[in-house]
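Attaching a single structure in structure tokens format; questions to follow.
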Amino acid sequence: MSTTRRYTLTISCPDRAGIIAAVSGFIAQHGGFIVEASYHTEQEAQRFFMRQEIRADSLPFGLIEFHARFTSLAAEFDMEWHLSDSAQKKRLIILVSKQDHCLNDLLHRWRSGELPVDIPCVVSNHGDLRSFVEWHGIPFHHVEMGDKAVAFDHIEHLYKLYRADAMVLARFMQIMPPDLCRRYAGRIINIHHSFLPSFVGAKPYHQAYQRGVKLIGATCHYVTDELDAGPIIEQDTLRIDHGDTVDDLVRYGRDIEKTVLSRGLRYHVEDRVLVCGNKTIVFR
Amino acid sequence: MSTTRRYTLTISCPDRAGIIAAVSGFIAQHGGFIVEASYHTEQEAQRFFMRQEIRADSLPFGLIEFHARFTSLAAEFDMEWHLSDSAQKKRLIILVSKQDHCLNDLLHRWRSGELPVDIPCVVSNHGDLRSFVEWHGIPFHHVEMGDKAVAFDHIEHLYKLYRADAMVLARFMQIMPPDLCRRYAGRIINIHHSFLPSFVGAKPYHQAYQRGVKLIGATCHYVTDELDAGPIIEQDTLRIDHGDTVDDLVRYGRDIEKTVLSRGLRYHVEDRVLVCGNKTIVFR
Amino acid sequence: MSTTRRYTLTISCPDRAGIIAAVSGFIAQHGGFIVEASYHTEQEAQRFFMRQEIRADSLPFGLIEFHARFTSLAAEFDMEWHLSDSAQKKRLIILVSKQDHCLNDLLHRWRSGELPVDIPCVVSNHGDLRSFVEWHGIPFHHVEMGDKAVAFDHIEHLYKLYRADAMVLARFMQIMPPDLCRRYAGRIINIHHSFLPSFVGAKPYHQAYQRGVKLIGATCHYVTDELDAGPIIEQDTLRIDHGDTVDDLVRYGRDIEKTVLSRGLRYHVEDRVLVCGNKTIVFR
Amino acid sequence: MSTTRRYTLTISCPDRAGIIAAVSGFIAQHGGFIVEASYHTEQEAQRFFMRQEIRADSLPFGLIEFHARFTSLAAEFDMEWHLSDSAQKKRLIILVSKQDHCLNDLLHRWRSGELPVDIPCVVSNHGDLRSFVEWHGIPFHHVEMGDKAVAFDHIEHLYKLYRADAMVLARFMQIMPPDLCRRYAGRIINIHHSFLPSFVGAKPYHQAYQRGVKLIGATCHYVTDELDAGPIIEQDTLRIDHGDTVDDLVRYGRDIEKTVLSRGLRYHVEDRVLVCGNKTIVFR
């Protein structure tokens, strides 16, 4: 990934001939320099998806003007489209419970500059991680889960207050209310500690142990109102064997969870993930 | 694995102190040279499992005498035990349908000497692969599946006729009768083209495509009377992406199926797989 | 990969703005339907690489007319370019020694239709594999290596006689003459049984065993006049451990060799590999 | 791994029949309960290696008495042997430069209890990481590298002062003096950011990029007086492609470095690594 300022244009529209020519023609006509370009046609849905990164300094105008000029082309092809600016970092709220391996991993990637986001606050239903979060200079909010409706209202309130772009459930261990999931579709990212669709719900490592599988996995996905059934962004697996106890699976699993969540999050943050029905196109 | 002649002793018994000492003492007392030794305690079941490979030429007696002498020790520890001789190759009947990638792979491993087994015959519900099988000098039996009861009686008859030790379902694509599964528990080995327990039953690659998973897999397992739910011997996964069609998954999948089946089969043939409930201990 | 007839256009040229627009504009102007499109800029070399698959039936003309019409555009951007037709299968000559695992694998992929090529003949410096090759209806040529110059002249003669497009060294175990390598640059594909650049030359598994590495690998590369140093097309690795002997490494290694060669070959055959200096761009 | 207190006995001796019987007989005779047992014969060296974990509460005596009683048996078989107690945590000094991804990873594993060690101090040739280390309540020593001899004397002094058992070079980026390496053989653990033996020395990711490899790797090894050539404990690789810049390799590489170092370190700390010449036996 280049570090110069870029605009990223993502498009989804009905498939037909000439889309690439029209879009790249528009960009070329204004002298735009394309850094990275990806395309995909989803055959069943007959929809076309594309993503272009354009060097900001190669265009004679900014984001607002780009929007204005691109609108008629977008309408002609019936596009859903989105334009983002690498200079405007996405704002992620991280939700955690007591387990902090994903949080520790994400905060390191953030403070080393590897993950180009802002983290306006961390929310937890426990107080344990306050000191670690605050050492980073990030506000920590302890939200009690006694009354779930109140708690999730509070969380939504914080989301709005901090003008967040997405919520990251970094082993939050709480089921999100269905209506919240629907209202924030594509903006709540979860890490589930199994290779979905195997071992949905609670205690997936125990389930894996009982079934006697030879690999365990983790899944990063968008949260929907159906538990652990949303569009999958990223997955991975790891070999285990008969000698491994449930505790070993939990321990190994932490490493895949961290890796899979951080990769999935990076794809999301760089606008590499486009959703088509319950599936994702991930332009890596 | 050594190529000198070896006896392989596998044991399963209630866990307690002193088992290793008793068994290795017995072997040492007769001058036996242990080439490879593996142990495992299954905590929940409180059962102990072990496998020892002993150089045949280091013992002053053969298999029958070994059996006779070991019996009282085995009784003392309430052992289930098994002794095999690397000079006596296991006899595997291979069952196939029309897809021949696993068959092609297994026959190559057999004719190159990599897989130390005898293949007394190949059985298929189609005639397509006769010429290829017969080129290897292996009898080919075409069993029509019109009347399933008759067909499976025929297959069982062939199994007995050829004094086979195991049946390998190398993409046979037929559901085995429950009573056959029960009578041949631990002796029917299947390759299923998904990472079980995900995508049980028919068309797993279609199921995987629909769910939008980011890796596909294959599973080698013992067949039981519950479909695709038997003890898992070996599994593996492979990364795919949004650009892959169902046909691509089928194509990539063939490579994992071959690898996973051949590895699982090798473990079985070398007496590395011990079953505990619905799980396996695999002493690699 | 689609199975409808396609033209594949690959281009390499100095990087500048407007290339994608010009090429996709040209295609769109004739109603061409792009099935797959990939781009890459090699920063150090300041060169741009692209590959487009176009549905043949979407264009009003054939390959020859396409060539004629595209020439002026290609000249304008100083392009090296190539156009191929999926209806014209590439012709691969396979060279083997005595080990047949790669040959067995490739011939299966060929006869099952998975690898869309013609195999006009197989060449070997031993006679052992004649029967297996001829069972496939493929001519087998035994070329003695006593006088190497004569032998390689013979091989080059066969290459021309059969109008081959590439030579595949499927564990051929002979060093190719430098001038042959230079004259057939990008058309000789080798599988080396190590993770290059480690363990160049003879007996890489012995070298790996001696060094005590924890993974072994294989490398598919274009042959150049420097031994095992040509542009790498594909690689993979596999975990081993201290219990594995050199024979075990050789055995495990065969599985990676087969996979890596078949993947690399597929990329080559589908015009997915573009060479830039001593590196490859592989548009998967 | 069990969490009950255990003694771990590791042995290396000339190979012959009866070793397992003698050792397991000794343990059984005192009622010792073996939790985990591993064996290996190094064929070339004709040496036998074993590792046994025994439940401490199953023996009627402690570590000192165990030593006293085992000595004559050890002498009989000419054993090099070592006995450790899980209740006595190993003491690791971590050396870092400016890059903190490995440090961040190790400190998290330490504070979560996953890595059962004491970390008496962290040493760095830069001051940047002081605050992060001290937040953990761990002393931080900034050692200037201006005069290398003085600096390494200082480091050795700290090692002795803190009664450390091993030094961990967590991306320390300094070459250790040969005599220090020799005096602390098997006690200095390094993470090298390539798949050794490829890309020894400085800037391995640049070397990997230039060579055009398709996977990158990392290696955890004991430091010897030959640069990056010591016994390898653990390695892993990760797929990259032509689109990845050197910066991308560096970023991806951090994830393998962390994983490989933490795994290698765990093996070392649990006495799973036995050295034989320039190779390791790792009883996982």
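Miscellaneous remarks
In this document, chain identifiers A, B, C and D correspond to the written order of the chains, with residue numbering beginning at 1 in each.
The working rule: a contact is a pair of C-beta atoms (placed from the backbone, for glycine too) under 8 Å apart; a residue touches a chain by one contact, two chains touch by 3 or more.
Not measured: the values here are computed from a predicted model.
Shared contact partners of chain A and chain D, listed by label: B, C.
Distance between Cα centroids is largest for the pairing of chain B with A. The distance from the centre of chain B to the centre of chain D, each centre being the mean of the chain's C-alpha atoms, comes to 37 Å. Inter-chain centre distance (chain A to chain B, centres taken as mean C-alpha positions): 41 Å. Each of the following residues of chain C touches two or more other chains: 36, 243, 245. Taken as a graph of touching chains, this assembly is fully connected, with contact between every pair of chains.
Of all residues in chain B, only 17-18, 20-22, 24-25, 27-29, 31-37, 39, 41, 58 touch chain D in the complex they form. Interface residues of chain B facing chain C in the complex, by the touch rule stated above, are 1, 3, 36, 100-101, 104-105, 108, 112, 114, 132, 135, 243, 245, 247-248, 251, 254-255, 259. By the touch rule above, chain A contacts chain B in their complex via residues 40, 42-43, 195-199, 211-215, 217, 231-237, 241-243, 245, 278-282, 284.
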